[in-house]
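As written, the chain order gives the labels A, B, C and D, with residue 1 at the start of each chain.
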């Protein structure tokens, strides 16, 4: 759950921009654009996707993990482990 | 230039699948999916984008760079430098 | 602060292994090893360094961030922001 | 084979600096430095290792791969595939 609706709007705006970048890549391939130019555009889309993930993770830690810890109990430990695993997947992907 | 049309079809198929993943992410955010599930899906899309880039780079080195080197002359050095810069951007992104 | 001394021992053991890998790389370069073999060894050292970072981050969130949140107050927000920034640096490096 | 001895000196100097960074990390952990400061230092060492790899790859493509392609024959294809696999490992690590 993403929380505040302004956060949700920001996330959706980012995803729509990334979708546009992916469609731009399709046009480049269809029109036989030069490989290196396509690769430059791929790097831009990758960075945008990474920034999206970091923003989402920020919000997750700020809301869900923080609430679970503040409430205490077993839930807190589980939330922390879950977040740490998501971070590891991001760092490695 | 991507070269063989079977290569081009493969690249376009990959991009359409990534576009589908990005649209899936939008639906997840719209429907308030759990952050960690969204992040897992982001990692999948990132990996797919990375594989696309590596496939494209393979083909570029195999065709364009190879031809330039085989022909010799200054063009070869320029092509190699250009490919190395694209690799550095990929490794760092 | 790394916390438990068993954690500290584990972290130090990992770093000594990485130091050994870096010295191994120096020997390879000195003895004119084949580039591709050197690069394979670099990838291994990079992965080991990444695993070290993830382990350290785990422990940091598990101890420091968790304690700060449990205590509440402004400190908690600062710790979360600090951890999120460290995660962003890791994901981007 | 790294080729020119100035290249070799540059590579060794980079590795010795990275070894120093890893030893610095050990001192930080031994002296219970703050986790976030340790992580910042890890990011610096990771970036240095990545730059080392990119430099080595540059030199490999510039010498070995280029020579193999200029000579032609089957060797060229094998060298290109080998370099592409090394690049993929780097991008993914």
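The working rule: contacts are C-beta pairs under 8 Å (C-beta built on N, C-alpha and C of every residue); 3 or more make two chains touch, one makes a residue touch a chain.
Fair warning: this is a prediction, and the values are worked out from it, not measured in the lab.
Q: Which chains sit in contact with both members of the pair subunit A and subunit B?
A: Common contact partners of subunit A and subunit B, which must touch each of the two, are absent.
Q: Among the other chains, which touch subunit C and subunit D together?
A: Per touch definition, common to subunit C and subunit D: zero chains.
Q: Averaging each chain's C-alpha atoms to get its centre, pick out the one most distant from subunit B.
A: C
Q: Find the geometric centre of each of subunit A and subunit C from their Cα atoms only, then give the gap between the two centres in Å, rounded to an integer.
A: 22
Q: Report, in whole Å, the distance between the mean C-alpha point of subunit A and the mean C-alpha point of subunit D.
A: Once rounded, the distance between the two centres reads 28 Å.
Q: Could you list which residues of subunit C touch at least two other chains?
A: 50, 53, 57, 83, 90
Q: Chain contact graph: line, ring, star, complete or other?
A: ring
Q: Identify every two-chain combination in which the chains touch.
A: Applying the touch criterion to every chain pair yields A-B, A-C, B-D, C-D.
Q: Under the definition above, what is the set of subunit A residues touching subunit B in their complex?
A: Touch residues, subunit A against subunit B: 1-2, 8, 11-12, 15-16, 18-19, 22-23, 25-26, 29-30, 32-36, 38-40, 42-43, 45-47, 49-50, 52-53, 56-57, 59-60, 64, 82-83, 86, 89-90, 93.
Q: Along subunit C, where are the residues that touch subunit A in the complex?
A: My answer: residues 50, 53-54, 57-58, 61-62, 66, 69-70, 72, 76, 80, 83-84, 87-88, 90-92.
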